[in-house]
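Notes follow once the structure below has been shown.
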Amino acid sequence: MSSNNYYDVTTWPIGNPSEDVGEVINSIIADIKERQHASDVNDGGKPGAVIYLPPGDYRLRTQVLIDISFLRIQGSGHGFTSSSIRFNVPHDEWPELHELWPGGSRVLVDLPELPVDEEAETSKAGPSKGAAFLVKREGSPRISSVEFANFCIDGLHFAADGSDLPAENTYVNGKTGIHVSSANDSFRVNEMGFIYLEHALSIHNADALSIHNNFIAECGSCIELRGWGQASKITDNLIGAGFKGHSIYAENHGGLLVTANNVFPRGASSVHFNGVTRSSVTNNRLHSFYPGMVVLDGNSSENLVATNHFLRDHEPWTPFLGIDNGLDDLHGVLSVRGSNNSVIGNHFSQIIDAGSIRPVGATPVIIRLREGAGNFVSNNHVVAMDVHAAASDDCFEAQVGALLTTDTAAALAVTAVMVDPESTRNTVLDSGSDPQVLADRAANAVRATPTVG
Amino acid sequence: MSSNNYYDVTTWPIGNPSEDVGEVINSIIADIKERQHASDVNDGGKPGAVIYLPPGDYRLRTQVLIDISFLRIQGSGHGFTSSSIRFNVPHDEWPELHELWPGGSRVLVDLPELPVDEEAETSKAGPSKGAAFLVKREGSPRISSVEFANFCIDGLHFAADGSDLPAENTYVNGKTGIHVSSANDSFRVNEMGFIYLEHALSIHNADALSIHNNFIAECGSCIELRGWGQASKITDNLIGAGFKGHSIYAENHGGLLVTANNVFPRGASSVHFNGVTRSSVTNNRLHSFYPGMVVLDGNSSENLVATNHFLRDHEPWTPFLGIDNGLDDLHGVLSVRGSNNSVIGNHFSQIIDAGSIRPVGATPVIIRLREGAGNFVSNNHVVAMDVHAAASDDCFEAQVGALLTTDTAAALAVTAVMVDPESTRNTVLDSGSDPQVLADRAANAVRATPTVG
Amino acid sequence: MSSNNYYDVTTWPIGNPSEDVGEVINSIIADIKERQHASDVNDGGKPGAVIYLPPGDYRLRTQVLIDISFLRIQGSGHGFTSSSIRFNVPHDEWPELHELWPGGSRVLVDLPELPVDEEAETSKAGPSKGAAFLVKREGSPRISSVEFANFCIDGLHFAADGSDLPAENTYVNGKTGIHVSSANDSFRVNEMGFIYLEHALSIHNADALSIHNNFIAECGSCIELRGWGQASKITDNLIGAGFKGHSIYAENHGGLLVTANNVFPRGASSVHFNGVTRSSVTNNRLHSFYPGMVVLDGNSSENLVATNHFLRDHEPWTPFLGIDNGLDDLHGVLSVRGSNNSVIGNHFSQIIDAGSIRPVGATPVIIRLREGAGNFVSNNHVVAMDVHAAASDDCFEAQVGALLTTDTAAALAVTAVMVDPESTRNTVLDSGSDPQVLADRAANAVRATPTVG
């Protein structure tokens, strides 16, 4: 038993943290529960504890089950390095590499297959089996103030999925980093690293959640807010999902603030809202290789999408050439099914090879209002260029090279705003020249951006 | 005496941190002062120290007085859980609750009544008696780089105030979490939790202050910047004050940056500036149950209020039904007494029951320019709906339910912008249709948002 | 040798951290390298380590060389206090001062002159000799996940530079805080303090870098991103460089997010981009005493500059009166050489003494488009006033006094937007009245802000 509420997994007498840190942490949680009894004597509470993982490799063979409030699990290093690049380095070059794996305070997720979590399933969360950390507690109050800070959760390997892709490039392995399946309050995920997980962070029924300053990359999906929730924030993260998954996904949330994130490729979407209301996607830097970067779907309404920088260009790294999310260029870089949203002051750069446009010969769409009414689209600036797509075996150089390539001579014709007949009474101001705005002027108020002459 | 500058309150030989952590911390500060003498030999300084509070309950019966720079007080857990919900659960259900109190590294504020701080009084700070942590030092230089990080300050109980409200719902108890009464530089408050305090954080005369990523809720007032100050930031916090108090208040500040905060109800205001200049309120998510959400008062001028999401709807939780801040619907969701402010690219959702409008029959006002000149109001989107207000005994479900309710059929007439005769030479662009902008067109430049047809 | 990967410089047996913490840290790094060998057995990695500096004074006489990934160096206190103010206090008043030096976990940079780093030189980084922390490693993969957190790097003194300025006011000493000369991935610099360094933070070839919540002031230059890079963020910092240097500088970066920073004087620029593309400068509070606050240069294109608050006024502190950055008032507060940038929803306050305008009699320029094409300048609000510049010996009072001074009666004529002939096909909307926009209407689309009457 611990004499206070600070635990170090490397000094805890039960289990071996190198072999199974899950067993170690579960025994610590059992110790906390044994020592801390509910009491209202003298306003005394159950303060919880902190569990510390010094830098090191910690294999996790047993799922951690968190069912107490006020538990903080913290390390000293988010430990990201690109496994994706390494797995695409020829094997005979590996001995020359300085290091082969992520590091820091690193949890190596090596779970046997676990049963699917039922509650998660009923809300269509997708696979929650294989969660390294499962937070689940029924009853009242909702579990509160669990904090994850500054350690690395590494899913180690992806698995062959039947496609032509090498196994390590599939973003599939059935592993989840942190899965919260019960309603929760005031959780924090700060300064973490997540890598090579099919789902990094999947949180159900969140209230006042903060996901801040994390590094979540090379995961199938990065942040998924499932079920329903309110008053949360996803801020100041570096995020990049796989081509099948979500970088940031939320459903049935109100009052969500998504800001100051740098969301890089290759997520199928950068931000996807489903039935989300009165929320903000503001001030993010968003970059994708496919259409459908920001999706407001399922009657997502009264949201503010403002002062974001959208860049859509092409995959420049050879291992993923030819991969996409299945959407064509009419889908819209920003697609809206919902009402009374505000789309204000965004910059869109569409930098693509005209020869790659699908359907062939189509004019790509930047903002598309598909269903709903009363959306306000104002002061958005669309830049579109036809740039020959180059590719390279060197991931970083390929990306930086593509990012820095500009060619103002090669203007590309686009539809800045397309309003479908199912979306009416919208206001479109200064977001495209008159021919760039396809909308029924009798059903929508349009003021085209002035042009010269 | 400590051999270095790291202190743990649970191992310090003087006092009992469970019984009075205030006495313990004060004796640690005395030790630091005894060991660290001013010296310029070899550029040697007085480095200060860190005082660590592991997770645990620490009653504070003696006020902590901080009068040295470079002191960091840190815990391992912000420890929030809703005391408000718990106190409104019938007492016979308490034994079924998993926990009754906040947790983490938790300071239980249990001070006897203290004399009112004089300096605070002269600048009208309200009650500073009862501050758990008082920072006060005269002379030069200003006290610098005090840091508070990742612990919980819990005021425990509110008190009957003569109203009909149950004592625990009054937001009154004369307790302050941190009160800084002297001019200060480069302070930080990060990752803290504050709960059930009449004043969470009251800071006078701040320079380059950072209040970042805290959880400040169920307090009478949350953040109050008093006196005067400059170049500070309030960023990325979750904040919600009581119905009588301020969520974020600042007076006589210049260059203040308020951004990326998620400010939820039920503060009398979300952001209140008094005599504040050249500051920013940008990119926040703001939610309130009353008018007067953002107030620029006392000749607050040259401020930027941009790309915020404002939601004003109704209290849905039964214990607080019927409570408001006393302002009627003509007050304005955003109210401006000042000049040359910029109000750009904000989204306003006004989702209220038309039957609740006061004065009866009035048209609610969203943006109101009351006094001043030269304000620039552009590209704001106002959504207003008449929605029957539902209420529930379950706080979270009530709030989420209300948040997710949309009904585009039930449009509500509002005045998007009202310009009083005392405010002139303003520019109002694309922020409401012609009839929605009440302004003397001879004294103000108005371009109405285009409408269909 | 350490038994795990947590090191405390005060308990490490080699060297004396008070006398030379550089030697201590280098010996710790050697220990880590000796203990951690590359291995792919069982997915085992080289986790790196954390090196802890408790609060204290640590002289650094030997440069730290970091060539391993996953190293976190952390302290417990950013330790800023104004050395600039103290050095300008008469020496006979020093005995009355509470403290003379910065504190916290403080590294005193006291290096002998070091040879200039060659790689840095080739990319024109300026002096990298004198870096307290040098990160440099060739080969693959790029060095990853080095983290610096919550300590202070103090350059101690500036040096006479041949000008009339007292030595301690020159911002020159050849010292750099952290210099990263090799390509790197997923680095973090969080909660640090930097002071009295000629270059605080100079990072070459960064990928997914995060510079967050630091205090970087009274340094010649604060943040310099050199070489090339992508997908990084500079967020939520308090920053203020010297009059010769950069507060935030980046070259050849793509996808950089600069947001939520409070950048105060007196940098020669607040944000300077050179050849930067598809990046964001949004939602910052920027304050400078000179023109040229934000500079997009070297064909910086497709960037978004939105919802920032710009304040340009005069130096009010007597020791620096008469100092400037050499630019006249026609330069532009925001100056653009590049194409397809978006400048949306910014507030500009130009509060100067009309008698100080240079060239004499000129009309100051706020936004100047110098070269390029296709920039979109919309919904910016310019406030300009002629205010008699007061100055004071008290730095804080001088600055706050100036900040809070407003006088709506004293309007100053300015050119809100000037478009040079070398910049064409720009769109300028609602960013100045017709006479305030100097642009060839045949080459640029202009819609002036409506005016009264």
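Going by the order they are written in, the chains are A, B and C; count residues from 1 in each one.
The working rule: contacts are C-beta pairs under 8 Å (C-beta built on N, C-alpha and C of every residue); 3 or more make two chains touch, one makes a residue touch a chain.
The model shown is predicted, which means the values in this text are computed figures rather than measured ones.
> Between chain B and chain A, is it the same set of residue numbers doing the touching on each side, over half shared, or a different set?
Different: when the shared numbers are divided by all numbers used, the fraction is under half.
> How many degrees of rotation carry the C-alpha atoms of chain A onto those of chain C, rounded to the nearest 5?
120
> Rounded to the nearest whole Å, what is the centre-to-centre distance of chain A and chain B, using the mean of the C-alpha atoms as each centre?
The separation of the two C-alpha centroids amounts to 29 Å.
> Which chain B residues touch at least two other chains?
In chain B, residues 236, 260, 283, 306-307, 344-345, 379 touch at least two other chains, as defined above.
> Hey, which residues of chain A end up touching chain B in the complex?
Going through chain A, the ones touching chain B are 4-6, 38-40, 42-50, 68-70, 72, 74, 137, 139-145, 147, 183, 185-186, 188, 190, 207-208, 210, 212, 228-233, 235-236, 252, 254-257, 259-260, 275, 277-280, 282-283, 299, 301-304, 306-307, 339-340, 342, 344-345, 372-374, 376, 378-379, 425, 427, 429, 441-447.
> Give the list of chain B residues in touch with chain A in this complex.
Against chain A, chain B makes touches at 10, 54-57, 59, 76-82, 85-86, 89, 93-106, 108, 110, 156-157, 191, 193, 213, 215, 217, 236, 238, 260, 262, 264, 283-285, 287, 306-307, 309, 311, 344-347, 349, 379, 381, 383, 396, 399-400, 402-404, 406, 408, 430, 449-453.
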